[in-house]
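I've put the structures underneath this note.
Look at the two complexes coming up: chain A is in both, with chain B in one and chain C in the other.
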Partner chain A sequence: MNIIEINNLTFRYKTKFIYDNFSLNIKRGTWVTIAGPNGAGKTTLVKLLAGLVKSYCDIKIFGKPLNKKNIYDVRKEVGFVFDNPDNFFACETVEDELAFSLENMAVFPSTIKKKIKEISSLLNLDDILKENPYDLSGGQKQKVLLGCALMLEPRILVLDEALMMIDINQRDELLRILKEYNKKKRVTIVSFTHDLKEAIYSDRLVVLNDGKIIIDGPFPNVFDEERVMRKIGLEVPFEVELSQKLRLYKLVDKINLNLEGLVDELWK
Partner chain B sequence: MNDYSFFKYIPSNSKIHMLNSKMKILWFLLSIIISLVVKDYYSLLLFFIFLLFVISKTNISINVYISNLLIIYPVYLFCLFLTLFISLNFLLSVLVTIKLILIIILFLILTFTTSLSEIAWGFECVFSPLKKLGIPVSNISLSIALVIKFISTLFEKFKEVRKSMAYRGIPYNKNSLTAIKKMVFPVIRLSYKLSNRTISAMKLRFYGYGKKRTNYHENKTTYFDKVLVITDCVLIYLVIWLGWL
Partner chain C sequence: MEVIFKDVSFSYNKGMINEKKALKNINIVLQSNLIHGIIGPIGSGKTTMLELMNGVTKPDSGEIIVGEYELKNKLKKSEFNKFRYEVGFVYQFPEKQFFCSTVAEEVAFSSKVFDSKNKNIKVKVKKALKMVGLDESYLKRSPFSLNSGEKRRVAIASVLISNPKLLIMDEPTIGLDNNSKKRLMKLLINLKKQYMKTIIIVTHDVDMLYEITDDVVVLNEGEVANFGTKIDVFSNVDLLNKNNAPVPSVVRMCKMIYDKKGIDLGYIKNTNELVRSIVGCFDRNKEGD
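Let's turn to the complex of A and B:
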């Protein structure tokens, strides 16, 4: 079942067309990475999905068209995590930040307390609940932002370059947490990025360029088209390149984005 | 200037931080009334001593208050000269300027010790009777709190622009007028961008979604809360009485 349906989307800023007849469907429970270089139209698509810019097209989420009437119903089910958390924060403590959306939705304080406990233990935020979110490190800020999104128990999680400010270790940890969440709660994850390493747990990779889909396929087989990716300026992960070369010599069967997995396969 | 920004919350476990938000807003509004109705220097002194007591209970260094007060010293000078120009009475213009400084101190105490959601909740509780008239008190309260937060953010952006100008060779310390001229447009542009982003973030976080809002945590009303509010009421009485004498 398609949870997000974009049919024949046409969108332009002033005279410049960002999307012209663009279509994309995303199935429930999948993790889809939408990659592309700067200016490919990723952020515009996020804004369109969030209903922050008006579109005269057919975007349906859960089968409901994204219009003024449905926008709040749709937003309740979609969690957004943006690249710059400072723009998103509205409160002075992490705890208040996590509670803010639910307070606005008039959820009972006891329920909010329970949710904060659950999310803070999932993301290891217990020690920073009383801290000012603006004073945290980049990685911690992103975790808080992710926590804010997860507080709503979304059915769809949209990540807009959300892991860019995080160091490799924290990024891997967050990706693992997200994969677990994706599996356990059947949450659909749509991740927008220009770093293909973030696609490690994806089920599907869509590559955008100039508002058009140029590659769309299951992960990691989609890396067979690595030349096209390189051509538009996307950096293909070292692990993929290595896997490709090892495949040429028939040393491994498939592309592996995880070095440990690759070593395991070679060891067999 | 220290790291604390104008109107920015400073976390602590002081008695003033732990006040019930409803009582704190009530105390704040009563104190504003005192600073507005005060007419003589004895009352001013009395109120100032009371404010010093409250400041001492905030666990925030007096230097933080002084440095924050000094940020907007041109505003006090402007107020002094304007009232002097209008009234031609030096003593009166000094009194009005001191009143303005007291109001700024009150705002500093409130914003240093109260988080955004507590301010919003406090205003909402105090003005809740207006809900019966169909006034969207929740939204107005949160808007007030967001405006206060926006002021501190704007000050931070102003500092950022000033630093970036300095790195690019504009000697803002030597010729402040030139520097201010060059800073005006970047700060306006930044604040416009910031307000747009804040609006988007608020939309996504269901601000103004329904008529009702809940408050996740609320400090209980204690003996100290009541003492502060009662002291304010007594001070209002004294100020009016002293003004008549």
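Let's turn to the complex of A and C:
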């Protein structure tokens, strides 16, 4: 079942067409990464899904058209995590920030407390709960923002370059946590990024360029199109680049997303 | 422009119940005309260190010397203007430094304010934009309407226009696609080699750093865990792991081959060199057979 349906989307800023007859369907419970170089139309698509810019097209979320009448109901079940956390913080402590959206929905304080405990332990935020979000580092801020989105138990989680300030080690850990969350809760994740390293836990990769889908496929086979990705300015994961180069020398047969597996295959 | 930290400590919310030590007794000398990278896990004090050398934040104790400026005492206005002009800072979030309505005004700002001989500003603006790969069509656009990669490039151009001796950059590659990143790396190497600039970069992107940096500082919990040339620092993978610091991909692969197969590939510069070394191993094996 498609949870997000975009049919024949046309959108332009003044005279510049960003999307012309663009269609994309996303199935429930999947993790789809939408990648593209700067200017490919990623942020515009996020804004369209969030209803932040008007579209005169057919975008359906949970089968409901995204219009004035439905937008409030839809937004309650879609969590957005944007790239600049400073634009979103409103409270003096991380704990208050996590509670903010549920408080506004008049949820019982005891339920909010329980939920904060669950999310802070999931994302490892326990040590910073009493801190001012503005005093945190960029990566910590992004984790808090992700926590705020998960507090609402969204059915769809939209990440717009949401992990780019988190260091590699922590990002891998966070991606694993999100993968478990995606499987366990059947949450649909739509992640927008220009960094394909963030895509390694996705089920499907869609590559955009100039408002058009140029690659769409499952992992890791989609990396057979590695050359096209690099040509448009995307950085493929190191493991993919190395596997492909070693394939040219017939030292390995397939793309290996794990370095240990790659070494084993080389010296098998 | 040399940067010296002498026993520098700094805490956020000093004297309050939620006081948090960000930097503890930092002693370090970052030499002129080199690219220095600062790495470490999130919250290790990287950005705080940059803000201290930018003169915006004052240390609780210790001394910071940037070139001829001692940042311990408040600088005189004329001296401070000169310092601002000579030290360029690119923030982690480019929006933080934007306040003009067009890209042209934004890029021209520092040159107009701090440079008394601000001649040929229009030419300088175009040149700075060209250096970061943006053409003249951007001049009249609002910097706030740009995508994240373009914002970052405008932020860098608005710093480059003043031709700073010291360039401080906080996560400069965030939001940049691969082509823009490669262009920035080339620009930084060129600024160092041709214009003798000192560049200090805080980044999580160790693969980028591995290609361009000379020295690396590893920070963890506000302390210097390691400092040295990139070969020294990145060859000590165990110490990087111990301090939760990121390890460059090429180095990770070399370490994996060493740990699993006992083969030491030595210092490898990049992926192509790594592939050649691996292929070489198999060629030698064949010859041996």
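Convention: the second predicted complex is superposed on the first by the 250 of 268 C-alpha atoms of A that agree within 3 Å, B and C clash if a C-alpha of one lies under 4 Å from a C-alpha of the other, contacts with A are read in each partner's own complex, and residues count from 1 in each chain.
Everything that follows uses one rule, which is that a residue touches a chain if its C-beta (ideal position, glycine included) is under 8 Å from a C-beta of that chain, and two chains touch if they have at least 3 such contacts.
All figures in this text were calculated on a predicted structure; none of them were measured in a lab.
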Let me test your reading of the model: by the given contact rule, A:Phe100 touches which partner, first (chain B), second (chain C), both or neither?
first
Is A:Asn169 touching anything from chain B or chain C once the two structures are fitted on A? First, second, both or neither.
second
Thinking of the overlay built on chain A, is A:Lys130 touched by chain B (first), by chain C (second), by both, or by neither?
both
First (chain B), second (chain C), both or neither: which does A:Phe108 touch?
first
Comparing chain B against chain C, which has contacts with more of the residues in chain A?
C
Is there a shared patch on chain A that both chain B and chain C touch, and which residues make it up?
87, 130-132
Contact footprint of chain B on chain A as seen in their complex:
50, 52, 72, 75-76, 80, 87-93, 95-96, 99-109, 112-113, 116, 130-132, 148
Which residues of chain C touch chain A once you look at their complex with the stated criterion?
12-13, 18, 20, 41-43, 46-47, 92-93, 95-96, 147-150, 171, 174-181, 204, 206-207, 244, 246, 249-250, 252-253, 256-257, 260-261, 271-272, 274-275, 278-279, 282
List the residues on chain B that touch chain A in their complex, please.
9, 11, 115-117, 146, 149, 194, 197-198, 200-210, 212-217
Contacts from chain A onto chain C in the complex sit at residues 37-39, 43, 83-84, 86-87, 130-132, 135-140, 161, 164-170, 194, 230, 233-235, 238-239, 241-242, 245-246, 249, 251, 259-260, 262-264, 266-267
